[in-house]
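Both complexes below contain chain A, partnered by chain B and then by chain C.
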Partner chain A sequence: MSESVESTPTLLRVAMRVREANMAMVLLCAISIAIVLGGLLIIFTTPLLTASWGGFFSHPGGTITLTLRTVWYAYEMIFQGSVINFHATNVLLHHWSTENFSTFITPLAGTLSYATPLIVAGLGLAIGFRSGLFDIGGRGQIIGGGMAAAWVGFTFNFTPVVEISLEIVAAIIVGGLLGGFAGVLKAYTGAHEVIVTMMTNYIVVLVMGYLLIQPLFAQPGILDGLSKTINPSAQLPEFLSHISTTLYFNFGFVFAIVAVFGTQWFFDRSKTGFELLAVGRNAEAARTAGINVRRSTIVTLALAGGVLGLSGMMQVAGVDHHISPTFGGSYGFDAITVALLGRNRPWGVFFGAIFFGAMATGGHIMQAVTPTNIDYSLAQVIQAVVVFCVATPALIIEMFKLREPARRAAVNAQGAAA
Partner chain B sequence: MRLELRGITKSFGSLVANHNVSLTVEPGEIHCLLGENGAGKSTLMNVLYGMLTPDSGEILIDGEPVTIRDPKDAVARGIGMVHQHFMLIPVFSVTENVILGDEPVRPWPFVDYRKAVTMITELSQRYNFDVDPHATIENLPIGTQQRVEILKALSHHADLLVLDEPTAVLTPQEADALIMILRSLKEMGKSIIFITHKLREVLEIADVITVLRLGEVVGSTTPAETNEEDLATMMVGRSVNLVVDKKPAAPGDVVLEVRDLLVEEDRGLTAVKSVSFDVHAGEILAIAGVQGNGQTELVEALTGLRGVTSGSVILKGYDGNLAGAAVRDILHAGIGHVPEDRQRHGLVLSLPVEDNLVLDQLSDPRYHGRFGRKLRAIRENARTQITDFDIRTQGPELEAGSLSGGNQQKVVIARELSRELRVLICSQPTRGLDVGSIEYMHRQIVANRDANVAVIIVSSELDEVLALGDRIAVMYDGKIQGIVPPTTSREDIGLMMAGAGNAATSEEQA
Partner chain C sequence: MSTSVEIVTLENLRAVSRGRARAYGITTAIFGILEIVWMGQTHPGLNTTIEFGANSSTSMPELSGAWRVIVLAAALLLAGISAIATTQGRRFALPRSGTLAVRIIAIALALWPISLWLHVNVDGILRSWTVPVHVVGLVIGVLSLLAGGYLAWKRYDRGASATLYAALIAFLLTFLVWVARGSDVSGLHLQLTSLLALSVSAATCLMFGSLSGTICERSGVVNIAIEGQFMVGAMSAVMFASAFNGAGISKTFAVLLGGVFGALMGSLLAVMALRYKADQVIVGVVIVAFCSAITQFLSSQVLNFHQNLNQSEPLPVWAVPGLSKIPVLGPVLFDQNVLVFVAVLMVVAVNILLYRTRWGLRVRSVGEKPIASETVGVSVSRMRYGAVILGGFIAGIGGAAFTVGPGSSFSYGMTNGYGYIALAIMIFGRWRPYGALAASLLFGFTIAMSANLNIYLSQLVIPQQFISALPYIITIAAVAGLVGRIRPPAADGIPFSRE
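Then we have the complex of A and B:
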């Protein structure tokens, strides 16, 4: 291999070009690091492997084979559990039936289903981050939107189209008001949005706790706080329910894709989106150019809140169908990480959320099927390492000795020479 | 210290910032490094200060080849750097700033302030600095802050001082004081590298002048052997017109009428004290004055960035009082604004050039349609402007921050001039620009005057005020001391800037 590279300059040149520090390359390096670290973690936490390494010198070949096999199997199960199950694929190819198709599609459906609300929540946060506003109120805005949608969902009984539209509107309004509240405080009093949104989270969580035991929301007969279940007309239609009732993959995914395109348009083409961007980069210059910075701050946070509210609606109407006290849980914070992983780009957020979905779905499968029950947290470790690396591209560039992309290098040079 | 740079070459990718640059600074010499923005002066100094590693070439101190790895190394070898943007902590005292990073301790961890104060008082007396060691930085005038920077370098026993465009931020008086200080430092045997592009200063203080162009040394000379025109030619590579070429003004009707304007600054003190003036179409009203006498607040009030306590601003043909109106309305009424600090107020540096060129015209139907921003029209506009205004950039999609100062200013002026203007307000239009760009800006300003726009320029450069103004209003302490013709002597205007009213030469205010 190495010989052929040295003897073929074209190959070498390709290799050189590949070492450019573009996003794909950084991501690839990040995943490699995560896989290596995860592998070490498996070795250290699996008694069978630690024992085997203890006697490394008596049977080195066996130790290495066992280790590679175990680690490989864990990763393979994460993949098979979240994307494609090889066995099911094989069966499906030989014998086409809805039942086999259902088994085949289950991992992917699980991943996308988990990712759907996360995509939308990540987009909401990205709107704020791109304009320099750190909206930490994801959880509160998700809950606000979810509660509003749930209320509409169990109170009314219209046709699905009307009902779902109504849920969306209610969720966006409540989420938007929660975000806009922080925006107004920031614009008029200078209160820092991080503090305000973080505190709003507590308020909203406690208000939810209170409402869940009030007759308005509480499911009759249940005292420990669970809302009424929303009417079937208020539930987002399942795509695959005709194949199997255990397959969950709802219409919300279409909303998510629309939201990705919408956000993309908003950032690239809309005047408001551009103004938000300009204010985020340099508020003083924006103001000098006649942009209303106050209005822009309020609009940004309200819009971010609205999108997060929508995400809450999608969780309620698409997945949970009711509100439990743990609603919104950690996914308001996961969304922050997803936005970070996606570098606040709409498609970045989309794939970031799917990656999170895959790790969650695949991780559980892995824990269940590996002989030594490798813990689910392995998936979370991989997730964390990838996010960490993507958030610190400078580290990756240094570790792998990547070259700066040509264009940026030229810009830096000009900057240094000026 | 005798410093010798031999064959320094430094490139960034395909861009050669320094090519085979050699220069020698003798002990007790003031060596001026002259060159346009982007000529490689800062790169060279960053190499000397250990912030960049040269690709080739060597540095010799007192004949010994040395390697300077980082700024700490440079300081240890007696090189002191005074950056254009001060590296001082505003809320700390002079003493605290000077000793920061190298605090005298007795016993650890206590800082020996008394010793520090004594040291600073001694230094300050020895070099005639007149700095109070207990004063807080943010309360000191810019000129004094700069002296603190020099003091800091001297406290580290610097034998060679590098000053990067030290006069760019100073008033004429402060600049004179600095020049005195540099002369006395020189007498004590310190070597000084003085980076600038102000030709007058160079001729005044330099012992040796080295000119850089496009990363190479074009030549070395002394003030006795050269003059401003020759230096400018060396810098730019072609002959430059240093005198602003303009016909006598043909003023038309009054376009802008400012009456009894009262404006407060951030702390609530009155900064503009009942100012009244008129600006006619086709004339340039130059507002002169030492920085901090209310000019900034006046411009901010005229452009809507700052609220107005009382008074009126009437634009002919616009219904109502513009004082206190929203920025957007003022811009739409036909007022163009080239702000004082282009990087802070004029541009969003991290956005592309093309977007910066339409920053205040987002709703313009040319750039905004039914489906949002017209990206193609915006790109098209950028291409035209880049050609028309000769903006040197590798492309409209590049960040504005990647341009040199002069080209950044061209982006701002191009944007303002692409609207239908009735009044153009330029604040410090050529601050920090090189000779070629200054010439360009001046021509643009005069061309607008000739196109019957009412132009207001605010400048603390007396040369600029005298060269451009058709009438000169001198501001002092928030008031207009008088409005005089440009034939008034520098001395008289200088006196007015210092607060001496000059009613004799003052025109009657209309």
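Then we have the complex of A and C:
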């Protein structure tokens, strides 16, 4: 089959792929299901629309137009708020100025800067998933890393390079210890890592709440549990601050890309990475082949925790510059879904995180702008549905009657499932 | 859930359970020693007291002198029967549940005349009764030491878990008192009765959740979506009940509707896990993400603007006639929300279902060795579908226990990770309904304690965050096998295909 595909013209080859269950098709179908479902939710929960559907038989045309327009407007706002604002583009094309450029780039910068820590967090979880361990403790490890980085950030005052390196090391160590704790328990007592990491999450959140009101962390004079702000030398440099001071897009993005390459190298080229993959595919076989599964479990969870800690550091040093009681809020869970969405492949995680960043940024714009104030959690519903479909492609394949792909997607599916 | 393989024989099992009894006994004894040591160094000026007693409105039937003796004798007789049934299981067999019931009745009967003798009952009204805490602590310590030592020596398997749970609860209480010893807070009261009553009601949703987990995992499917089933159950139930203004039977239907939505999520998990053989943990987590997103959307999009859709009266509190008058135990066990009784009945029902019916036998066999069941003509996937959907239903009712039960309105995030704690409880309870009941009560106690004692301990040495972390720390200890080795169903979480 593959030889015949090679000889056919490109256009035909693309056409042949349309009914095939490749990643692009599955994603496309998943997004369309999510959009339809989100549209239905909007229709059923917007008072304006439900009222309008009450009078459907007197104005069928008006009702349908209004419905379509409302739903379309919501989605358009998500897009414009996260990728390109059409109005700002128009203005920029007519009159080129830094101010207009800043308005033009704001949505995209927002998306990418929201996505930056998420990319790293997703990579951390992907490491666990690919070796068959479900590290659900993202939030705890992110907080651990963030707290460590913040402590370094407001305690020491070195040159930026030294300071940021120190932050990174501190964050990785604390995150790695939190992950490694679950790993040791898993390896030596068989405690299920899902429950241990979940419980560590809650404990770490409480410990953070405690530390934030202690003199060690608390900002003097403020009682609402904010930590001290980290020193300017400890903050990740901003790229676009010379255009506008309200434009946030920091150096962390470079770290994120480096982390993507690093993860790729780790799994494709390193011995430990190979061992982790082998354990993920079949722990018994790996044991027989002489891999120390216990050690591999601990290393995996510690490594995943370290990377998650790094993402916490990027959140603190790049975006927040301090720790608030809601720090790490939904990042941990979003990172799980990002990893599933990217099917645990480094670049998949990268684009999955950008998708999430876009949904979050656009969702808030949608809530602010739409006349009916559609809640931004609509974006989360869409994310959840998309992830559901991508994590279980069999459902999509059956729903849309897709063919098995020429190159076995089943291998991918197994990798994701493991 | 664990990957280790061990060969199970009857001998092997007995050795394991006797070893466990010894471990439990030693643990209990260590608790006892610690308690004695702590109470020995108690601050002499400490005014901490433990307050026993019921709600002041509860009156108690008077007993004349002769009847008191008769009732006490009856209680002692029953206690003796239960003790013989426990220790001489072979020669004198009562069903396990029967022994438990006899024990509860014995304690209840005994407390009645004893409390009368202690002049608890003045003017026919129950007065609370205060004792200095270090006396109680010392008594508890000595009792724990004796019971633990005896258990470790004789290695009785049947009473082991109950002893350990009781010792653990007593230990937590004394620990708190010990922690509070250095403070100058005078008149520190531990209102034991209200604390215990609160723990029973806090345990309700955990009971439903852990039962759901037990049924699902016994059939070999990991139901990690309990949290999501809680959410949809809680939301749908409160909306339904509010839509009918909580009138008449509508609350019953609201609870059932919560169950139906839970079952819907359960069937989603079942289809994904059984038909498409997707990874059960991943599907479960994604279902939780979906439920969380959709309840958040609906609560901010609908419930925010229609407050009248999000308010419900609490379910009626049912005081069992007679039994609710018993001091301490009465208000704790028999003067509770109707859903609490439903939860306990559900535990009994699930136990009968799993261990006394053909369906239950098949579910268990499917979870242990699916290929064997398939060979004798039991459809593995049909059994698993049934178990997972039933589990979802029960978890949905547990969700209703968050809102309709106590009559609170739905707020996003109110399930607070209890769905995952329920899974830990299921492990703690060794995948058995009664184990789940006991472990739920233990966790309910820690939750109630962390919620309640913050009030008492706010100005004390220990930060409230650490007390709040207690349930989670205990969960980690539980799953790390601190209470002995645990053996999950053999085929737990492994997809089955006929080839």
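Operating definition for what follows: the second predicted complex is superposed on the first by the 389 of 418 C-alpha atoms of A that agree within 3 Å, B and C clash if a C-alpha of one lies under 4 Å from a C-alpha of the other, contacts with A are read in each partner's own complex, and residues count from 1 in each chain.
Simple rule for what comes next: contacts are C-beta pairs under 8 Å (C-beta built on N, C-alpha and C of every residue); 3 or more make two chains touch, one makes a residue touch a chain.
Because the structure is a prediction, the values reported are computed rather than measured.
Student: One more residue to check, A:Arg281. First (chain B), second (chain C), both or neither?
Tutor: A:Arg281 sits against chain B, while chain C stays out of touch.
Student: A:Val385 in the overlay: touching chain B, chain C, both, or neither? Say first, second, both or neither.
Tutor: After superposing on A, A:Val385 lies in contact with chain C but is clear of chain B.
Student: Once the shared chain is lined up, is A:Gly209 touching chain B (first), chain C (second), both, or neither of them?
Tutor: In the superposed model, A:Gly209 contacts chain C only, not chain B.
Student: Just to be sure I read the superposition right, which of the two partners does A:Phe333 touch: chain B = first, chain C = second, or both, or neither?
Tutor: second
Student: First (chain B), second (chain C), both or neither: which does A:Gly290 touch?
Tutor: First partner only, chain B.
Student: Once the shared chain is lined up, is A:Ala51 touching chain B (first), chain C (second), both, or neither of them?
Tutor: Neither partner.
Student: Please determine whether it is chain B or chain C that touches the greater number of chain A residues.
Tutor: C
Student: List the residues of chain A that touch chain B in one complex and chain C in the other.
Tutor: Dual-contact residues (chain A): 284, 416-418.
Student: Using the touch rule from the top, collect the residues of chain B that touch chain A in their complex.
Tutor: Touch list, chain B to chain A: 11-15, 17, 37-38, 40, 42-43, 46, 52, 215, 303, 305, 326-328, 330-332, 337, 339, 344-351, 355, 359-360, 362-363, 368, 371-373, 375, 394, 398-399, 401-405.
Student: Of all residues in chain A, which touch chain B in the complex?
Tutor: 265, 268-271, 274-275, 277-278, 281-282, 284-292, 406, 409-418
Student: Which residues of chain A touch chain C in the complex?
Tutor: Interface residues on chain A, with respect to chain C: 41, 45-47, 134, 136, 185, 189-192, 194-196, 198-203, 206-207, 209-210, 283-284, 333, 336-337, 340, 374-375, 377-378, 380-381, 383-385, 387-388, 391-392, 394-395, 416-418.
Student: Sort out for me which residues of chain C touch chain A in the complex.
Tutor: 1-4, 224, 272, 275-279, 281-283, 285-287, 289-290, 292-294, 296-298, 300-302, 305, 417, 420, 423-424, 427, 463, 465-466, 468-469, 472-473, 475-476, 479-481
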